[in-house]
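Take a look at the structures listed below.
Here chain A shows up in two complexes: once beside chain B, once beside chain C.
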Partner chain A sequence: MSAADDISTILSSGIRLTVPLAFAACGEYLAERAGTMNISLEAMMLGAAFGSVATASATGSATTGLVAGVLIGLLIGFVHGNLAHRLEVNTFVVGLVLNALVLGLTSYLITISSFDSHQVSQVSVPWLRDIPLIGHPLFVERWPVYLLLLVIPLTWWLVERSRWGLELRAVGEQPQAADVTGIRVNLRRRQALLWCGALAGLGGAYLAVGEVGSFNQNMTAGRGYIVIAAVIFGAWRLGRTLLGCVLFGLADAMRLALPALGLTMNSQLLVVAPYLLALLAMLVFTTRNREPKALGQPFVRGST
Partner chain B sequence: MNEREDLGSGDVLRRLLSNLNPGPSGWRTGAATILALLVALTLSSLLIAVTGGSPVASVEALFQGSMSDLTAWSSTLLYAAPLLLVAVGACVSARSGLFNIGQEGQVLIGALAAAWVGLRLAITGPLLIVVMLLAAGLAAGGWAGLSSLMYRLRGVNVVVSTLLMTFVAQQIVAYAVNTPWLLQESRIGNAIVSPQSNPLPSSALLGSIGEYPGLQINAGLIIALIAAVLIAVAISRTTWGFKITMLGRNPLAAKHAGVRVTALGGAALAVSGAFAGLAGAVLLASPVGVNRLQPGLSMNIGWDGLLVALVARNRPLAAMPVALLFGVLRSGGGFLAATGVPSFLVDVVKALLVLAFVAPPVVVALARRRRSGDRTAGARREAAPVAEEAIA
Partner chain C sequence: MTIDERARELTPPTTPALRLRGISKRYGPVVASDGVDLDVHHGEIHGLLGENGAGKSTLMKILLGLVKRDSGTILRGEEPADITSPQEAVALGIGMVHQHFSLIDALTVWENVILGDTGKIDRTAACRQVEEVSRRYGLPIDPLARVDRLSAGERQRVELIKCLRRDPSVLILDEPTSVLTQAESAELFTVLRQVVRTEDRAVILISHKLAEITAATDRVTVLRKGRVVFHSETSATTPQELARQMVGRDVSLRAEGAALGLLPVDGGRPADTGTAPDTALDTAPDIETGTAPDTETGTASPAPGVVPALRLRDLTVTVDGVTALSDLSLDIAPGEILGLYGVEGNGQSVLGDLLSGLVLPTSGTVEVGGRPVELDRPGALHRAGLGIIPEDRHSSGVVLDMSIAENLVMKSLGDVSGRGFISRRKMYGIARRLAAEFNIVAPSMDTPVRSLSGGNQQRVVLARELSAGPSVLVAAQPTHGLDVGAIEDMYQRLQDAASGGVAVLLISTELEEVMALASRIAVICSGRITGVLPTGEATAERLGMLVGGVAA
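The block that comes next holds the complex of A and B.
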């Protein structure tokens, strides 16, 4: 009995830890396919987490908070896009500065204010929730979790099947050629960052008003970087990226469950697993062949 | 980045001044930077005012904690030293076009190596601190070198690998201070052991000039200043520096000119890591402090040092005053809380300052290009190029 319970507990906490990663991963995946190595993902998630809690507290509605989180993610994506793909400031510099800015700002604001706790409601799917082992973890969740069922196929369709996605991929692989065919490279990259911001915002907001119900200082604690690791681990393929998210979410759940299970395992190894796996994926497998060719490079018409 | 630096032959003061020159676009960039600075400061004041604090009181508190008396100055300088060391390293790698953003981890690896030498090697006398510093530089240089190796062998993007390696470094240090046979503190009786190392022996500490409560110039600051001058001279006066700059500006041209691109790029990355590692050793062996290896030892010095280099636009001499400014913000930040303004404010101010220094030259260059219709000027942009693909 206890073994099955343990597995079920780890599964449910693993899924809850995976969901914010999965939302953000869909966004980051799309931004990277368009050629932006977006490290301000952390800022997007953290800012959205704070904004959602503040808004939920002000309006008394967790759902409004969720929407506010998405808007804050969009705002950060907008700022990043305009600085990096309009003003041509180095994208990594923009990311670093935005991360520092949002971390400082949210830490500052949470220290001087207090918010009421609000959480979005839980959905419990009848019949399915009674499946042993996986029933409870998968089918008793806060409702935004099920938005993933919409977001994942939509992201896939946008990138792989829509004209917009085709242009995004062209912009990520061969911006010069894309430019010659009349695609506005930097515009497409800004649009990709908006999508990324909205989804990272959703992930951050889900973490705050879905999972926890409150905000604490540096709440995302590097989850944005884990998502970046997941996209690399997934070799810029959506399915594998999401698999990476599940893996990293479960590793995190394992780490949290270790003391309760009475296991003595190296918790540092579990924390570091996402980063090591991402590095290994790039080193050992030939995933870099799948890397968008222009990833992280600014596009300036006429240079090179 | 600065033509005068390569040609001029003036005295140190003039060179320092020329280093403060905002860049090749002259007064336009200068004016834009001042405007951006004003906007940044206005935004910061607004933030304080809107949240019910007093901007004037906050500035006073910042001043009190950092510059009001000699003790405050000493603490400012204590922060400025590791910041400057990290920034000097960051200047080297950014100039070579290999953008290293893993300083936070490299600081920790340096501190780890220094702690291991200081606690485990039976070296007596002043030699110990020298070996500690060397070990820190070598270990962190090697750590950063791994990124360049990954790039050389498998084409792994340097920015990404240095970023990911930061988190690996953090966990390595956490593991070391949680593991008795590595560096965790020894158990005395039944006392609870914390995740930290034993304190360093007093022979392993960096000294300082001057005594409390007067002005204390810590030895780390002297090391950092020497490093900044050495690297500034190396960049502007030596063939090595010329090659580094050439590599950063145009890797393809550098390759055709006979520069051994991979070796030089790798060396630049290792040098930048080594300086971050030195900063770690300086933090660990600081004359004031706990002198134990702890997971939080780096205190974001690595991230901040990188920001210092960005504000200084990758010029080591310009990094001196900027590191001092960031030191002021750090030591003054502690005094803010007394005025009811959380010390996190300084993080907001720092980020806005960086934006105010980074954006204007790019904007001015862009505006000029738009005006003249000169599309090719893009290749001469001021921002550090991340043009790694051509180095392969």
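The block that comes next holds the complex of A and C.
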């Protein structure tokens, strides 16, 4: 194998590993701009991964599975939103409980059921796929990958240009001020969580019925947390957040590729590598002063 | 007065712009609003006067749909109005300029102005509208500027523009001048007169400052404990009468007068005796003699030869890359009250944080009793003998959910404990003694501080700080949010502390307060001292110029 092939392979797997992160990151980015530190991202991705595989197996359609994944993400976003931003339960506790619940539930359900393997179809873009080095990694992909081309600009436009996004930003910065201006703070935060749930669901479902074609226990393996790290790494800017996802995706790809390239390393240490990288990246690049001021703080009218 | 205006006053408009009938609201056992009736007419400024906690803000929040009323009706013209959200209030032509919390710092001016609207965002149109309103009322502002880069006066302009752009027929202003310089307040009242006289809108001006109410309003309503206790045309009443109605008894004391903003500061001297407050002078008679006011350098020293109890030397503090204090130097002698006066947001709270040990200076030193304090060691200021009444007593003055006794001994746990255990007997002993000495009114020493009134909470802070026997007391906005009785008490305690030889640094935004208490006034603007004057030489004009950053 030539060096160009190696690079192409690593790039290819790097992109596939980045895509689920990128979908979830678009959701988490928007939720955090509205002031919710959405820890239950992991639950959204894992639940959606399981749901998509189960639905695909039941209906025989991977695309239906993908839709089911989105719905499960929405459901978890709905539960989280209502617990945290209607009943005023601490958002971190809600997130942790949901993560533990989904992990336990899916681990149990996978032991008592067996699913057929389904995978969404691959799209190969003529001519462009023949570009050397990057042609194959970028232009021969499962079709949901190309949804990112829609989701990323749409997320940016929603946050930066739409009135809804303006209100989300106001709510994430100074909820009291937003309230007296007539914005329904908790409603906006619940809506932001629904958007986050849908996209995290899409990311989790892509991982299952897009890449792998099956579900295994704890298959997201902390990818939700990696995405939260990416948003912090990106200093609450979409471009930098996505860059963070690419970085973590590539690190994951290196981990898979290194043994194949003949480099032997302790495999446990390799598994840890992307998470270590995430920690280091946050340490070095994080700039706190762009953080939404009310991030993680509940809003109750009348308290200041 | 033109003939038109006279005619308007003689024949009151037939239908008031807004009528409130029997508005009541209670929070548990607390009655915030008790059967309030209020008529507001087009073409007039209606003053709503009352002490803190009299129910002014609750009433306005009800009008705005932020608080749900228990009973009563609101009539907008002839129609009963059921307002349940700020949007409905806007639709009914009611707009409000809030005292705090209504602009989002991280957004630009135009984004703030259109916040709360509906429909598609049109940036060009929004900017054009901002410029239009800004031109019409003479309120210059850059629509593309981010709000956190604006001064307090400019923010107020943005608030006004945001409100006026929606063309309200009833405009409510809640304590609008609390963060403004005199020049900025004057600008505001010019706009209000235009809004009322030429555009025939109705304005409700909420304030606890008598001078403002008598100067600016056409009609005045006084609230006390949630009830309307007085109502009159402004021209038919006097400040004394209004003060009496507001407090519920005769007001004669100088301190009370200051608390109500009654001192004739426009005349130059607060009193004609030529002496600064008596207690401070009694104990430190040499304070003003032989000291030429050194306003150029801003480091006027209290008295040559005396070791200052507190000496701040070239303090510079940078917060998030913004210089909050720059080369600030002040000396305060034992037994002296030095007033640090300035408009809110000019570095006072950073200085307060610094003297609480919450912020470290980038350069400069703090000396207490001639010895430099190692500011980076927790508790060093306290051990050096500096007591502080912090500006925000809820976040750094007391622990709200702990008991009075616990709060009182918090800084001297060594005195009440042995071998790592707290002696509850000793703790209660000290607490009872302090409560009696400082008039802390509470059911028991176990009562959580949260359930005390603001005045009693402040007394807990004061008792704790003074019981440590400090040589310096820093009082940052010590009377914010207190009622007149508590303010009077606080003034007395500060003066007593000074006569006992404590150096008092009084950080205040109330001109009347520093005039009444301090023997010298230092003026702060944009984090630097623009001048230090003996109170005897301080006139409203000179202070006004210093406050605006111009050397007097």
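Here is the rule we use: the second predicted complex is superposed on the first by the 280 of 304 C-alpha atoms of A that agree within 3 Å, B and C clash if a C-alpha of one lies under 4 Å from a C-alpha of the other, contacts with A are read in each partner's own complex, and residues count from 1 in each chain.
Quick note on the criterion: contacts are C-beta pairs under 8 Å (C-beta built on N, C-alpha and C of every residue); 3 or more make two chains touch, one makes a residue touch a chain.
The shown structure was predicted, so the numbers you read here are calculated from the model rather than taken from an experiment.
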More chain A residues in contact [chain B versus chain C]: B
Touching partner for A:179 - first (chain B), second (chain C), both, neither: second
Contacts of A:169 with chain B and chain C, given as first, second, both or neither: second
Partner chain in contact with A:301 - chain B first, chain C second, else both or neither: both
Partner chain in contact with A:207 - chain B first, chain C second, else both or neither: neither
Touched partner set for A:76, first chain B, second chain C, both or neither: neither
Which superposed partner A:161 touches (first chain B, second chain C, both, neither): second
Partner chain(s) touched by A:87 [first = chain B, second = chain C, both, neither]: first
Common interface residues of chain A - those touching chain B in one complex and chain C in the other: 293, 301, 304
Contact footprint of chain A on chain B as seen in their complex: 47, 51-52, 99, 101, 150, 153-157, 159-161, 163-165, 167-168, 171-172, 174-175, 178, 303, 306-307, 310, 340, 342, 344-348, 350-352, 354-355, 358-359, 362-363, 366, 375-376, 378-379, 381, 383-384, 386-387, 389
Of all residues in chain C, those that touch chain A in their complex: 64, 66, 85-87, 90, 96, 98, 101-107, 111, 114-121, 320
Of all residues in chain A, those that touch chain C in their complex: 161-163, 166-167, 169-170, 173-174, 176-183, 289, 293, 301, 304
Chain A - residues contacting chain B, complex: 37, 39, 83, 87-90, 92-93, 96-98, 100-101, 103-105, 107-109, 111-112, 222, 225, 228-229, 232, 266, 268-269, 271-272, 275-276, 278-279, 282-283, 288, 291, 293, 295-298, 300-304
